[in-house]
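Letters are used for the chains, namely A, B, C and D, taken in the order the chains are written, and counting of residues starts over at 1 for each.
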Amino acid sequence: MIINGVVIDDTFSEAFSMRATRVIITAINYKWARHAAETMTGFATSVIGCRVEAGIERAMGNHETPDGRPGMSVLLFSTDRKTLQKQLEARVGQCVLTCPTTAVFSGMDNEDQIALGKNLRYFGDGYQNSKLIGDKRFWRIPVMDGEFVCEEMAGVQKAIGGGNILVFARTVSQVLLACEAAIDSMSMLPNIILPFPGGGVRSGSKVGSKYKGLSASTNHYFCPTLKGLAGNDLAKNIEAVMEIVIDGLTAEDIRLAMKRGIEAVCDLGKSQGIEKITGGNYGGKLGEHHFHLREIVDE
Amino acid sequence: MIINGVVIDDTFSEAFSMRATRVIITAINYKWARHAAETMTGFATSVIGCRVEAGIERAMGNHETPDGRPGMSVLLFSTDRKTLQKQLEARVGQCVLTCPTTAVFSGMDNEDQIALGKNLRYFGDGYQNSKLIGDKRFWRIPVMDGEFVCEEMAGVQKAIGGGNILVFARTVSQVLLACEAAIDSMSMLPNIILPFPGGGVRSGSKVGSKYKGLSASTNHYFCPTLKGLAGNDLAKNIEAVMEIVIDGLTAEDIRLAMKRGIEAVCDLGKSQGIEKITGGNYGGKLGEHHFHLREIVDE
Amino acid sequence: MIINGVVIDDTFSEAFSMRATRVIITAINYKWARHAAETMTGFATSVIGCRVEAGIERAMGNHETPDGRPGMSVLLFSTDRKTLQKQLEARVGQCVLTCPTTAVFSGMDNEDQIALGKNLRYFGDGYQNSKLIGDKRFWRIPVMDGEFVCEEMAGVQKAIGGGNILVFARTVSQVLLACEAAIDSMSMLPNIILPFPGGGVRSGSKVGSKYKGLSASTNHYFCPTLKGLAGNDLAKNIEAVMEIVIDGLTAEDIRLAMKRGIEAVCDLGKSQGIEKITGGNYGGKLGEHHFHLREIVDE
Amino acid sequence: MIINGVVIDDTFSEAFSMRATRVIITAINYKWARHAAETMTGFATSVIGCRVEAGIERAMGNHETPDGRPGMSVLLFSTDRKTLQKQLEARVGQCVLTCPTTAVFSGMDNEDQIALGKNLRYFGDGYQNSKLIGDKRFWRIPVMDGEFVCEEMAGVQKAIGGGNILVFARTVSQVLLACEAAIDSMSMLPNIILPFPGGGVRSGSKVGSKYKGLSASTNHYFCPTLKGLAGNDLAKNIEAVMEIVIDGLTAEDIRLAMKRGIEAVCDLGKSQGIEKITGGNYGGKLGEHHFHLREIVDE
């Protein structure tokens, strides 16, 4: 399969089951909601090093949020409910509770729930109050600008982490611009985040290492400076590879994001130095979700 | 002391000795240097909850950086060298090594040093190379877009965390705008960061709590909804308080930032709802650095 | 009618019939589409001084744009078709044709049309080509990065300019933050723009002046420093007034924006210094469109 | 002369004498100063189509501005004093006078001056006041958020417009990224602006046209789709050319910007698809200022 000169590899991207939650941060205006949301989702590129993968999903108008103020929707993904809750609490406690004028709410109506304000309320030192609205409990914690309002629990659901596409190009400039075009359109989609800085990754890794205690190391098969090595897959004219990693609530969300990304990259095409798109996988043994590139393109 | 109707309290802000490092992140352009720098300095508001306090110091032109590319200067503060190194390595590993086209260098020429690329090099799985330029060693780690260049060590120095001013106002809108003006001018200064989201803090805390295991809780003396409580300091007309926390390399850096911040807040003055500026302290028993507000104003 | 302590005046906002067009600017990524869109819509706050009122409507994903690339939707309003076309051509010629990688398309499928690329094509010095796709003609003009693609004609339709709300507050800080909250939510709506810088206006004007040749001058009835003057409407406690001006494709679009704005301002309410919301009008004699505030709130 | 594989052409960039002014816009915070400055400098890419070329020079801290508030420094260039004044007045009147909380001051202490607030004051309808501080007169015009303060006159000086470099590359992606790197570093310099959208230009033009009444048309010698034409200079492997235009207060300012830009482009070099850098000129007959590329590189 070749689109605009770009080979779409006959392979799949391998992704993992995760748990995800969505919270809505509101504030007096977008400026402050964004400050909280950006800080809260920083240092959250990979569950391996950061325990959680997080990002801003979208901005919300005042008619869409629980308290009628401008807001930001944030998605967080982790390997299990317990870690997810711990990270959610730590990050809301450090980056939202602290941030002027903010409030935080669950952005998912699932039966399965994790603590959002349930434990954070103790920061109130006994002066916190709660209110039950319908079947949801909200805490009001006295702070210096009034009260920090937070919902007691946040919905949690099964989700998928590590969907991806890998783009092969003749130079760094070319792979970067093609990925920027893809990232720009992918990041407008609901229910997904691109957890790495700016949405791109250049440090592809393989399982294992020659050094003890290191469980992963650079994927030397995809490093252009290591073309002489056994197993290095790169064609002579490939000098740069970039990955876009996608976490999504469902398989459909990831499929759609992959489709949009592949379309954007192929739109630039071979004349802009793009040679191939492939999917990152571990032979299908590690992740439960397999996203076949050619099927996605044909959908 | 009263400036433009604003009472400058006769007290001090109490700050703590810390260790700090500066790294310079370069990339093919600002967009990608900023992606790495913002992600790396996220979730870094307070050493208590995040182990490190971090922020972007400034953008750097290509004539100022070690490799002649556009860059961002980042400051990180922690309680001790060991924690600082651990956080620096984790954050560079997750947010810079991964980020397309970046490189990272020490931004401080101190004899005292912590590992920057020294251990990250093992990600190269034996394919990494080093080069000695003068007395500095640099590592080149093969990645998918070429090589990630990082300096082996980064300078570290004594520094100060937790310098602050506290602004008392009649309403939230007023305290927020006065602090925004202060933050805008303070954040242009070198050698400092304002670690909290957007530079402002509304969750002032006191030492201790009525709950076991919680070492800090809301500073109920400064909560406008708790005015009836014993010890609550707030005058009847104060409905909002906000803090600006400053970490700086030296006492002079913090003094200058406090001075600029106080000037900006007083410029709005009593007619814009600002009543008082004070300093956060613990009676002088916890922190080694005392910044007297009135002295700073008079400098 | 009083909402959260804020008086909703029993009056209307008076607006004018205009002509509007929408164009879609695409580029290799959002960064460059935004550069073109921001530059093209600058210096376009008021038809009186700028001949056109313009702004970015929203970002568009690659699946939404005519050429499958990331894009920006831009709205332009003017008093008549001829002026609108002249401004559209001048601004596309100076700010889009010049901008790397961009293309421009009509964003309205109306029978009524004005020239978009029809005359700009002559920049091609005879080397331009056209292609008919369906019933639309597109021009390809050779430029240094390849070809500038632009649709020949852009749809134009009747529209409305000068919808507005006026917010009265006790201080500048308060009126500014209330308007920021309103602007943040209003600017997410389709089919409208807020043409003034950042969406806010503080220079309300009245018809006429004591100086010859000046057709408008400061609305001294709403200036807090002129409270002693005959006709000055301001209550003793009002120290700041701000206007939000809305241009929209239809009356419904403006009504919805006004509703969202009023809700946002009232959400802050009297406790945040907001006293009243009114509408700017000229007694109903100048503009054909009257938007009654209380009706809009009740919708 | 070849740097990192990039040919530096043995030619010069030809630039024109202009008149320039600098104004400082202050506001309650950067957000609002930036709103005014961006709007005021929009649609100002070329004197031919916009009458003025304008841009933001830099942000200023509260200790640097005349009224001690956060500010933005803006530069405007035009062909002559009269046009410059007319544009300055129109743009300040539409985009600064209207913008909440702003004030505007001269940013140049020259004896030669043009009107800044001198005529705008009549908007005050007789209620304006002036104050003489030293030898400078300031006007205070009543507006709805208090008073708009503007200096009566702004300094004006001789300046230079149209300094430039032209970058030749193998693909659009590559020329764009190289120019972004150059623009990022050039835009940090004082005394210059890059007037085109995002700093880049892809519509190089030649004097004259085959169509009557058109004084300029596409420079077909530099269009990659027109390689077969007589006079088309492009080598077979050049598929994209981009220009960076620089306006500066002095020849030294432009030389420094060109130097930084050339360095940034060459840093990417031939391996990233960059083949040549040249200068745009008209044989030396139109512009009084000639900037020789090789001299500038050697400085």
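We take it that contacts are C-beta pairs under 8 Å (C-beta built on N, C-alpha and C of every residue); 3 or more make two chains touch, one makes a residue touch a chain.
Remember, predicted model here, so these are calculated numbers, not experimental data.
> If you take the mean of the Cα atoms for each chain, which one ends up farthest from chain D?
It is A.
> For the pairs B-D and A-D, output the one whose chains share more C-beta pairs in contact.
B-D
> Mind checking the centre-to-centre distance between chain A and chain D? Centres are C-alpha means, answer in whole Å.
Taking the mean C-alpha position of each chain, the two centres sit 39 Å apart.
> Roughly how many whole angstrom separate the Cα centroids of chain A and chain B?
Comparing mean C-alpha positions, chain B is 26 Å from chain A.
> Between chain B and chain D, what is the separation of their C-alpha centroids in Å?
34
> Of all the residues in chain A, which ones touch at least 2 other chains?
28, 31, 172-173, 176-177, 239, 268
> What residues on chain D touch chain A, complex-wise?
31, 171-174, 176-178, 239, 268, 271-273
> Quick one: in the complex, what on chain C touches chain A?
The touching residues are 28-31, 59, 61-63, 68-70, 177, 180-181, 184-185, 188-189, 260, 263-264, 267-268.
> Sort out for me which residues of chain C touch chain D in the complex.
28, 31-32, 35-36, 38-46, 49-50, 90-91, 93-101, 122-127, 141-148, 172-173, 175-176, 179, 196-198, 200-206, 209-211, 214, 216-220, 222-226, 229, 239-243
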